[in-house]
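Here it is, the structure, as structure tokens.
Naming follows writing order (A, B, C and D), and every chain is counted from residue 1.
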């Protein structure tokens, strides 16, 4: 099969993505896809097995595992954001060009959408058996929460907004110091497990109110899929068009969380010199904003 | 927005904290805040969801995650004590100036108080729904134990005091060797997970009697908050003014735990020379007591 | 006992395996044996104790621990595949000689078979007590699922095939970047825990439909044992001869998962030069295909 | 308090243990004490809270945490055996002088005995409340299994013996490669978590039959304590004097597990030279058997 090999080499040369942004977006698609595959499939397993093959804690852990598993690989490509709120925060801090924000977000939504689709295929029989064949957003046999997040019934709009702001803020507050070269960055070996542990912590402690979305792509992509796959427009209209909350609130929360870190810790670090100081504030323009720093230096 | 940037740089220059102690205290406020955010929010999630969104183990894990997540960042600032008992132990061992003890403790209480407040805001609807709107310390719908710790009913005062002494002693006994340069200190990558694991171990094994406070700030800050937020004076007077136990006992336990390590292990290490020996005992005054050694060398 | 020592040295010299392939196969036998000992014994403990001494999550964790525990030791011997699907994927990618595929698979099946036998011996009394002495594949007291995997009843054949393809694909998709020297390989210290975490993730999220086999040796070896040990031909004939699915589907899934990684990420990595490019595609023949690269560079 | 300091220095000089064996034994006492404190206290918490403050899994994890937490500190002192079966195995392999075996075992039993005593003190009120004040070995309110291990009722003597042999064998089989310098030893950062993970795996998968003792000191020390503390001679006479099984079987299992590793893997490693070969077999006497190699090279 020497011809097959030559054909594959030729095919690869033709299909090779030479555009850096497109390459980064491919990375974000894949990373968010894997992240959501583990997470959504675990939610499906726990729900459709009625808890006999897992519990809420194992679903929390699966999201964390999904985050952990591709971090090493994707960090030097795109920074492994897997979350529009993290990408926005990087833009605000000057670590990502604003022009890349939209493509990144789109790639993340696509990855989450694809994962939702594959999980639905995998668990199609189980979901149909669990729900009696009726795909609904409300009631004891609802299955929409396998894919997107929904608030508990007693929750006011303001509380749910606050919940998402705080949850995302905590994530950024804990992610930022991991690679702050001015402060004491975490050892490279610790960056992936630390980031995964923070996600686990947030989903164990701040997911009762609204399901712990804290990620617009993680929420909107699967919601769009359920809208198209048979759950209908309820996924958007339910709880008085609540779906905008897990999109908007995390964006705000990420920026707030980032500034809390800057204000409490980073701005007060002893300056080596003024230049570095301006750099630490991350508000002066950088000439050569590199999208691909070495591994573990571009986490957030 | 070049003007905005300039304004921010100017603002930062004005607001910059140049006092080392204040900077360290800011770190302790933030560290204890994050630690308690994860922990208290997890307790709130487990309790108000009546176990459907978590279990006792996940609350144990959340405290551990909170401890883990900012350790790398705060170690070189303040030592990341997040616990007055740890700070006291550092003073006794000569690793922290006595004059810093009170500011550290105050900062830790403030951080825990703020976390309790934010958790109350986040879970306000859930707490009201769970408790039927009545914030109490006793009974099946009590919600005070989300924030501060309370003993089980059959417990005598002596037993609860012993429980807190032993729990805190175990923590210090396990923390001290982590950075004992004379002995075999843990590899820097292992210090944060080891410290977090020890906390997890203590909360899995020594928290039934009194809720596993082992930290005066973790207990007093949230208790003060609940006193002000509607639970009333019961939080202090209940169980015959029991609230002093998780403040006083950990202080004693930390010192005892530290000395057990010294007596069993450290005093018997082969001496390089007499000078180091006196240094190892940590009882001779140090001229230049530096508050900011490099990362992972100042854990306890 | 100087004579005993001399005799042992002489015995070792005689019994020493000097054939590299046989040595590698011994490693695969031992690795798969240990992997399955932890996994099957945990399934036995959870089932026969009716959940009082463990839960589904602890069985998931035990498989992951079994994978973790011998990875460091076996990586430089055979690559620690412990899974025919991983071995096949290595052949397709040019990392393992095709002539070694069959011996590797055989060794893995033998290891899994031996582990099933020892677990049956260990838990013989418990299995008899649980099942009332009747070893069956169906019904509430079935014990066959301790050893091999079986689908849930509502599952169609296509769904179960897809389930195994996706599960194995996810594993390979996450294993491949770990040692991709062209991309950013994981730090050596992270390879074993990352691989174990991926397995944990898959068994927490993709094991409801078919029990999460994703490994022909893990499934066929114990199934053969149960066939011989008293469960009878039902283990092969049940669910319309379903046993071929967890053998064939993982093989296909592994190849698909590998190519998804190549297509999305690896083919688009910037080339150092054409030579390396062809190498990265892994489709040109290698002269000196070494079976024993240094630790952690030959995981998948 | 300069006088106090001088007095302490003087006291330390007087009390300093200059005998290496005694120093190592102190380390074993402390290590086993900490190990058992976490483990027994977790068993007490889970049982006396009737599962509301923990589950079987959290007790498994607590034993593992206890093993993890002092490994770094004690490895260079005594090798951190914490288990007579491990010490025996080290003697058989020539890594520990036979003359040290008895003192090590004694130290380990003392450490476990002390831990049982302190756990009894801490949980005295809870144990009395749970058991109604009657300390028994049998029945639904038995509390003896908090301290020592007991078999399930349907278990034959042979099965329980096999269970302990296999469990301990698995531990040694997984511990030995961790520091095998001829093979590929684990990175130093991974030795403590790997060892703890192996213990977790064994207690999740092989503890239903007999409670997962696999450690004569862990079992005999607390059993002796319960005999003296009020449970009476039942702790020794129950199940037809079963107490000798978790003492004798782990000793045998450790040796078998060690040899399985030698026979399957180590004897077939390519020899650098004959000298090293004899050394690898560990059967030739070593002149300078050092008790204190550098950290992480003397685990088993």
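The criterion applied here is as follows: a contact is a pair of C-beta atoms (placed from the backbone, for glycine too) under 8 Å apart; a residue touches a chain by one contact, two chains touch by 3 or more.
Everything numeric in this text was worked out from a predicted model, so none of it was measured.
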### Query
Taking shared residue numbers divided by all residue numbers at the interface, is the value for chain B and chain D over half (same) or under half (different)?
different
### Query
Measuring centre to centre, with centres taken as mean CA positions, what chain is farthest from chain C?
B
### Query
So what's the Cα centroid distance for chain B and chain C, whole Å?
42
### Task
Please work out the Cα centroid separation of chain A and chain C, and write it as a whole number of Å.
30
### Task
Name the residues of chain D that each touch 2 or more other chains.
55, 57, 189, 193
### Query
Taking the complex as given, what residues does chain A use to touch chain B?
55-57, 60, 152, 154-156, 159, 162-163, 166, 170, 173-174, 177-178, 180, 183-187, 189-190, 193-194, 197-198, 200-202, 204-209, 260, 263-265, 267-268, 277-278, 281, 283-284
### Summary
In the complex, chain B touches chain A at residues 5, 8-9, 12, 15-18, 23, 26-27, 29-30, 34, 37-39, 41-42, 44-45, 48-49, 52-55, 57-59, 61-62, 65-66, 68-70, 72-73, 75-77, 118, 121-126, 128-129, 188-189, 192-193, 294-295
